[in-house]
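Per-chain numbering from 1; labels A, B, C, D, E, F, G and H assigned in written order.
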C-alpha cells in the first residue's frame, strides 16, 4: 500500500524458514530476557506508574532475570517496593541518577569499552547520571566531566584531555544545547547529544537544545529530551565494539 | 527497556512454533501480494516519485498481481508509463481521482457492502474520488453526495436520506472540517472524517480540519490530511463486515 | 459564501418536507435519549466538572434513560454523587477504566459483535479499559491483549492468534505509537489506533504517537489522544455490522 | 552567568598551557584540513549556494585536501563547476546520492569497519545513498537493503540476516518512521535512525518520523530529517572502532 | 523603515494641532476613567496577581471611578480585599462568572441593545457568564441559552427562536468549536465565537476550537481562548449601535 | 456523548413543529440564495479551483441570484469565464481587490451604515480592498485610510479624525499586527482586526499578527489571516444595525 | 481593560501640553523624514511588492529625503525602477546585500562608531551584507569577518583579535546558530545574534538558530530570522553611543 | 563539514600563538571570575536547583568573587542558604526582583551609563526589577516607568519625557507585547524588548509577545521570554559605551 513490493511464493517460504532457524538459534534466547539478547539490562520507567503496580513489575523482573533497574523513581515508588522484597534481592538507590537497582547476584559483567560523559551545567547532571548507570550496567567503564559549559572553553579543553581515550562521548546540555556540537568538532569518536529540559521561555523545555543539536554542523546523533537511559545504552553498544558476548 | 515484560523459554518456543504454523497457514499466502491477504489492491503513491522509477514499479506490480493503482498521478508519470505497457495491460485514467488503474484482467470482485461518501465543498471532491476508487477496487458499492456543506443544512438532510442504507460513511471536509461531526451525530453507522487541505491562513493546510475532527463530540475516527486512499480502504474493510474472502 | 451552491425553491420545500417526515419517523425518537437513536449509552466526562454539578447531571441522566456512564472520575466526584443516589440506582465503579456506571435496570442489550483491544505497554491500559467499558455497554463482546509492544514481536503474533476472529481491533499505544500500524499490516479487519499520552520529551504527550499513526503506511484510522471512549464506541458501531436495532 | 563556576588563576594557567601543548601536538594538525583531524572528508552542501560561489569553494577545497564531496547538487551546480576543473581533478557524479566527488588522487583509505544501511521504502533511497557515499569515503565497507518496510516483516528478517555482521546500522524511513525502532529491537549493534521527508499531510515533511524515532522504546539515536551525510559520518566513526588513524 | 512614508512639515503641524484640539474636546475626557471614554467598565484580571497587590488596585479603581470589576477571582483574592473595603463600597460576588463587582453607587446605565449568548456545553458556561456580566455592566440586556450543542440540532433551533431579536450573538464552544459557525449560518446578525479550553488531547486547550472558528465558512469573528471579557465588551459595542453616550 | 442532555418527547415535537413553521416563514426563503437570507452576496473563492469548474460555478450563481462575486481571482480564471458569459451578464474586474463581480442588474441596495477600513502598510491593501468590496456589495458606505502604520502615530490620529463617524472599523495589519489594538484603544466603536501574511521569518506568514491581535489588551475581534471577505461581511452586519431588510 | 489605570484631568492636560511642546521641539522634526529623527535611512522592503508600486514608492522617498534604500530587491524591481529615475538620482546596486541605494547627494554623514559583523558560514553573508549596508548608511565604520564558524575555533579567535575594538558585534548564523553565544562569551561589548534561514529539516528555516540564541547562557539579544536590516540599524544605534546628532 | 574552510599550517600556528598571548594578557584574567572579564556579576538561576546544592554553589561563588546574585529565588532556597553564611557575607533580599545578593564588600563600582526600564502592565514588574538589579550591579544608573501600557498613550509620552536622557531602553511587555515597538518608534536610542509570560489562551505564555517583537517594523532587539537578567546585562553593556574597565 503506498509502499509497493512483491516477492515470489518461493522466496517467501525461504525467508520464513530462515526466520524460524534464526529464531531457534538466536532470537529464542532473547526471550528469557532482553539482557541475554542485547546485553542490556531490564529497565522500568517508574514515572507515571502507580507505586503498587510498579512494585509488582519490578519484583517479577528481578525474579526473572536477576537484575532490574528503575529510572525516575519517587520516594513513593521505593516505599511501595521495599516491604515486598525477599531477602535475597538487594536494592541499591542511586540518588544522583534518580534510579534504583534490584539484583540477586553479582554486578554486571565487565564487557569493556569506555564511555565519556560531559554536561554543560549542573542541572544536566541527573540525566548524565542516568546514562552513566546504564552504561555501567552494560559493563562499560564510565568517565565523567560535569559543568564544562561553553562559558569557560578552556575548562572544556582540559576536561577533554582526560577523556580522550574514550570510545564514545555522551554530552548532555539544556538551554541552547551547544556543547555537544563543540565536542563533536574536537574529537574523532562518536558524540551523542542529549537535550535536557532545563531552559525556560521560548522552547525552553529542551526543544531549543534538541533543535540546535539536530541542526549542528558537526557530526552528532541525538536522543529524546532527558533520555539518559537511551544515551547510555546506545553509547554502551558503541563502546562494546567488537566485544560481542 | 522502559517497557518491561518477560516470558519463560517454554512460552517463547510455543509462541514461535505457533507463529510458524500461522505463517504457513496464513501469512505465507500474504506474500504473493497484499491483495490476497487483505483484499486490498496494490497502490502506489506517484507524488514525489521520479517518473521513470514510477513506471518501472507500476509495471512490476501489475505483472505480479494483475492489477495496480497509482494515486496523485501527474501527466509526466503517465507519459513515462504509457510507452512501456505491454498490450495485455489496460490503463484507465480516473481524472477526478487523480489516479490510474493498470489491469490485465477483470475488474475487482464484488465482495459487497456499501460505502457512502460525502464532501462539504467542491474542492474536497478529488480526495473523495480517491476514496471512492479504492473502495470500488475493494469490491464495494459506493454512493456519493458532494458539496453538502453545513451552510445549507437541509441539503445535508436530503442527501443523508438517500445514503442511509450505507454500511459506513466517509466525510471529506476542508477549512473548519465540521461536516463529519454533524453527520456522525445523525447516523448510527461508523463515520470516517477526512481532513482536506483546502483552507488558507491559520492552520489552513488541513490542520484545523484535523484538529476539529479529533476533538469532535460525536463518535468519529479520522485519517491523515488528504488521505483518500486510507479512508476508502478502511471504509471497505468495515463494509465487508462478515463477508470475508 | 466561499462555498457556492443554490437550489430552487421547489427543491428546498421538498427537502424540508422530507426532513419533517424523517423527523417524525426518526429523529423525534432520538430525543428521548441518544441511546435510542445510536445504540449508544449516555456518557459524561467527569474531568473538569465541579463535583456538585457533576452529581446533578449524572442523576438527571440516569433518571431519564435508566443508565449512565461517567469517565475520568476522581474520588471527589464519587463522593459528591453517592449521597444523592436513590435506592433504585446502582453505582458500579470500574477502577481500571477510571469510570463509573449508574443504572436502574439490567445491563446493556447484547447486540453482538466482537471487539479486540490491544495495548503496547502497561501504561496504555486505562485508556484501553475505557474503550472496553463503552464497547461492552454497547452490547459487544470484548477480548483484550495488553502489553504486547513491539519489543517482543512473537508475543504480538501469539496474542493476535487469539483475537483474530474479532470484527474490529482497537490498538492503544503511547510514545512512538508503532503498534497499531503493525497490527494493521497483519490483519484484514479494521484497526483503530488510539494515541496515549505516556511518552516524555519531544511530542511526548501523545503527539508523536498521533503523528506516526496518521502517517502509517498500513490502513488505519485514529481517534484523539487518550480517547478511549471514542475508540470503544466507534469499534462497537463497526462490530454491530448489519445487526441494527 | 546563570551557569556558575570558578577556577583559581593557577588552574587556569595550567589549563591554558595544557591546551597549548595539546594544540601543537594535536589540534594544529587539524587545521590542515578536517580530513586529517577526524578522518572525515570535506563535504559541501550545494543546496542553497549560488552555482558560481559553489564552484569556487569546491575548487579551493579539492586543491587543499585532494578530495572533496558535494551533496544535494543540481545540474546548475555541475555546469558551473565543470569548466573550471583543472585536468588533474576527477569529477565523479553519484546520481543516486545527488552528490559529486572531486579528487586528484586515489580513493579513500580503507580504514575498515562495516556499515549496514536499510530503507523502509524506495523514496528513502537518495538519503540512504548519501549516507553510503560518506561512509565509503571514510573507508568503510557498506552493505544495503532497500525497501524492506514494515509491511512485509519477513522481508525485513531475511534482509537483516545478510547484514547482521555489520558494526552499525543506518535505517532511513519517512512517513511514520517505524522501521528503525523495529530493527533496533532485533539487533544488538547501534542503530541510527534517519527521518526522511517523504510523507504528506500532518507532520508529513519528516516530523512524524523524527518524533516517532525520538520516542522509540528501543535504543536508537537519530539525526536531522534527510541528513544522510550526518548518518553516514556518524556510522563510520562507530565502525572505525579501535582502528584509529 | 521597511514601511515607508513621509509628510510635509506643514501637514505634520496641522495634524498635531488637530490632535491637540481633538484631545481637549474628546480624549482628555477619557483620562478620568476609561468608562467615560468607551462606555466600558474598569476591569482587572485577578488571575496571576498577588492578592495584596490585587486588593490595592481594586480599591484605587473603585475610588476613582465608582465601579470596578475583577475577573478570574480566587477566594484568596476576595479574602485579601474584604477587610480593606470602606463601608460605602459594595462587593457583589458573581460566582458563575468567577468575578466580583465593587461599586459605590447605582448599577450601570441602561444604554440599550440586546446581546444573545449561547454555549455548546455546560463547561463553557463560566466563560459565557463572564461575557454576560461585562455586557450587562455596559448597559445591555442579555439573553442566554446554554448547552445547545450540535448533538441536538433541534434544541438549537428552538433556542435561536427565542434569541432572534438580539442585536448580536456570542457563542462559546470548546473541543471542536463548531457551534458558532452553525449559528452564523442561521442568523443575519453578527456572531462572535469564543473558543473555550475544555477539550483534551490534540490541541485540546482551545486551539482546535480557535482554528475551526477562524477557518469557518460562515461569517464569524473570534476572540482569544476563554476571553469572555473581550467577547462581552465587543458585543456590547455592537449592541449599542447608534446609541452613543 | 460527553455532552449530556435530554428532553421530553413533547418538548421535542414542539420544537420540531416550531422549526417547521420557522422554516416555511423564514428559512425556505433562504434557499433561493443566501443574499435573501443574510443580506449577503454569493461569493466564490477562486483560489485553488480549476478554471473551468470555476467558470461553471460562477455562471450558475449569477443566473440564480443575479449577482455573484469571486475573490482571489487569477488571469486564468477570468480567461475561462469570459467566453461563457451571456450578454446580459456584466463582469467588473476589481484589480486592487483581486476580485470580479458578475451581475445582471443594478448594483447592491444601499442598506446604510458606514464601515471604516485602515491598513498599517501598503502591502495590506489588497486584503483591505477585498473587505471594502464585500461591505459595499452589502450596501454599506466605506471610507478608507491606508498605510497609517504605527511608525507615524500622528498620521493615525489625523486619519481617525476623518473616520470617526463610522459604525465599525476594520484594521488590516501584517508583521506584528499592532495597529488594530491601538485603534481599539482610541475609538468606542467595534474594531475588527485582520492579520495579513506580509511578514517574514518567525511566524511571519501572519501568525505573529494573529497572535498579537488575540492577546490584545484592548477590545478587539479577529478573523482568519488574509480574510478580507469575512471582515467585510462581518463589518457590514454590524453597520446594518437596526436596518434589517 | 484588564490593565487598569487612571489619571486626574489635570495630569492629563499637563501630559498633553508636554506632548505638544515635545512635538514642536522634537517630534515635528521627525515628520520631515525618519532619517532626521532617528538618524536612520528610509528603507523599503522590495520583496512582496509589485514592481510598479515599488518603483513609485522609491521615487517618492528619494525625492522627499534625498536618499533611500531598498532591500531584497529582484531584477524585476530594478527593471521597473530604472526608466523612471530622473538624472539627478544615482542608483547603486549592492549585489552582495541584495539591495539598492538611491541618492541625490552625498553619502551618509560619518557619525562614528564601529560595528563588527561575523558570519558562521558563507550562506549567512547576504544577511550580513544587508546589516553592513544599513550600518554604513547610518554613518558607522564596519569591519567584517565571514565564515568563522565554530568548526575551527582558532579561526574565530584570530578574527576576534582584529575586531575587538568594535563598539558592538553582529553575528549571523544559520542551522544551529551557535556562534553568537560563543562570541558573547568572549567579548565584553554587546553582541546581536541574527538567525539565518540556511538549515534544512527540523526547524531548519532559521527557527533552530532563533531558539538556541534566545536560550543562550551568555548575554545576547536577537532579531528576527534573516533580519539584517534590523541588526544593522540596532547596532548603529549602539555604536553612535553619546554621539547624538 | 558542510561548512568548508581550510588554512595553512603556518597560519594556524600564528593564530594559536596569538591566542596564547591574548590568553595571558587577557583571558587568563577572566578565569578569576567573570566579573573581571566582562564587568558582569556572577548570577545563579535558583529556579530548578535543589536548595542544598543551590546554597553550596552560592557560597563558593561569593567566596571566590566577593559578590554573587541569585534570581528566581524561592523561600526554600533562602532557608537553605542562611544558616551556612559566614558573618562577613551580607545577604540582601530584593523581593520585587525575586532575587538575592550576597556580598562581602562594597556595592558595585559605578561604571556609569543610564538604563531606562518601562513595563506595559503591573504584571511585568518582576521581570523589569530583575533587569534593574543586574544593570545596577553592573554599575549603571537605572530609571523606571512601570505600567505605561498602550491604553493610555499620553501616559507613555509623559513617561518617556523623563527617561529620554537614558543611553538605552528596556521595555517589558506581556500579552501582545506592543509597547517595545512603539517606544522604538519614538526614541533614537537602542530599545530592548522583553516578552513576559503574562497572557493566557493562544500563545499566551509569552510567545505572542515574542513574535510581535520579532516582527516589529521599528528597530528592536529581543531576549528570551521573562529573561530580565539578559536584558539588564545587555543594556548595561550598551550603557557602558566607551567606559571600559
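Criterion: a contact is a pair of C-beta atoms (placed from the backbone, for glycine too) under 8 Å apart; a residue touches a chain by one contact, two chains touch by 3 or more.
Composition by chain, UniProt nomenclature: A, B, C, D, E, F, G, H = AIR carboxylase.
These numbers were taken from a predicted model, which means no experiment stands behind them.
Peer 1: Which chain's centre, taken as the mean of its Cα atoms, is farthest from the centre of chain F?
Peer 2: A
Peer 1: Working from the CA atoms, figure out how many degrees chain E turns to land on chain G, in steps of 5.
Peer 2: So the copies are related by a turn of 180 degrees.
Peer 1: If over half the contact pairs have to be identical by residue number, which pair among E-F, B-F or F-H is the repeat of A-C?
Peer 2: Within E-F, B-F or F-H, the interface duplicating A-C belongs to B-F.
Peer 1: Note whether the interface between chain B and chain F is symmetric in residue numbering, meaning over half of all numbers used appear on both sides, and answer same or different.
Peer 2: Different; most numbers are used by only one of chain B and chain F.
Peer 1: Where the centres are mean C-alpha positions, what is the separation of chain A from chain B, in Å?
Peer 2: 40
Peer 1: Quick one: report the Å distance separating chain A from chain H, using the average Cα coordinate of each chain.
Peer 2: Using C-alpha averages as centres, the distance is 37 Å.
Peer 1: Can you check how far apart chain B and chain H are, centre to centre, with Cα atoms defining each centre and the answer in Å?
Peer 2: Chain centres of chain B and chain H, defined by C-alpha means, are spaced 56 Å apart.
Peer 1: Could you grab the centroid distance between chain A and chain D? Build each centroid from C-alpha atoms only and quote it in angstrom.
Peer 2: Roughly 23 Å separates the two chain centres.
Peer 1: Where in chain C do residues touch two or more other chains at once?
Peer 2: 1-4, 7, 12, 16, 23, 27, 30-31, 34, 40, 57, 120-122, 149, 151-152, 154, 201-202, 204, 207, 210, 214-215, 217-219, 224-225, 227, 233
Peer 1: Going by the contact rule set out above, which residues of chain C touch chain A in the complex?
Peer 2: Against chain A, the touching part of chain C is residues 122-123, 151-152, 154, 198, 200-202, 204, 217-219.
Peer 1: Help me check something: in the complex, which residues belonging to chain F touch chain B?
Peer 2: 1-3, 23, 27, 30-31, 34, 47-49, 53, 57, 195, 197, 206-207, 210, 224-227
Peer 1: For the complex, which residues does chain G have touching chain A?
Peer 2: Its residues touching chain A are 120-121, 149-151, 153, 175-178, 181-182, 185, 199, 201-204, 207-209, 211-218.
Peer 1: What residues on chain D touch chain A, complex-wise?
Peer 2: Touching chain A from chain D are residues 1, 3-5, 7, 12, 14-16, 18-19, 22, 27, 37-40, 120-122, 147, 149, 151-152, 154-155, 157-158, 161, 167-168, 186, 188-190, 192, 210, 214-215, 219-225, 227, 230-231, 233-234, 237-238, 241-242, 244-245.
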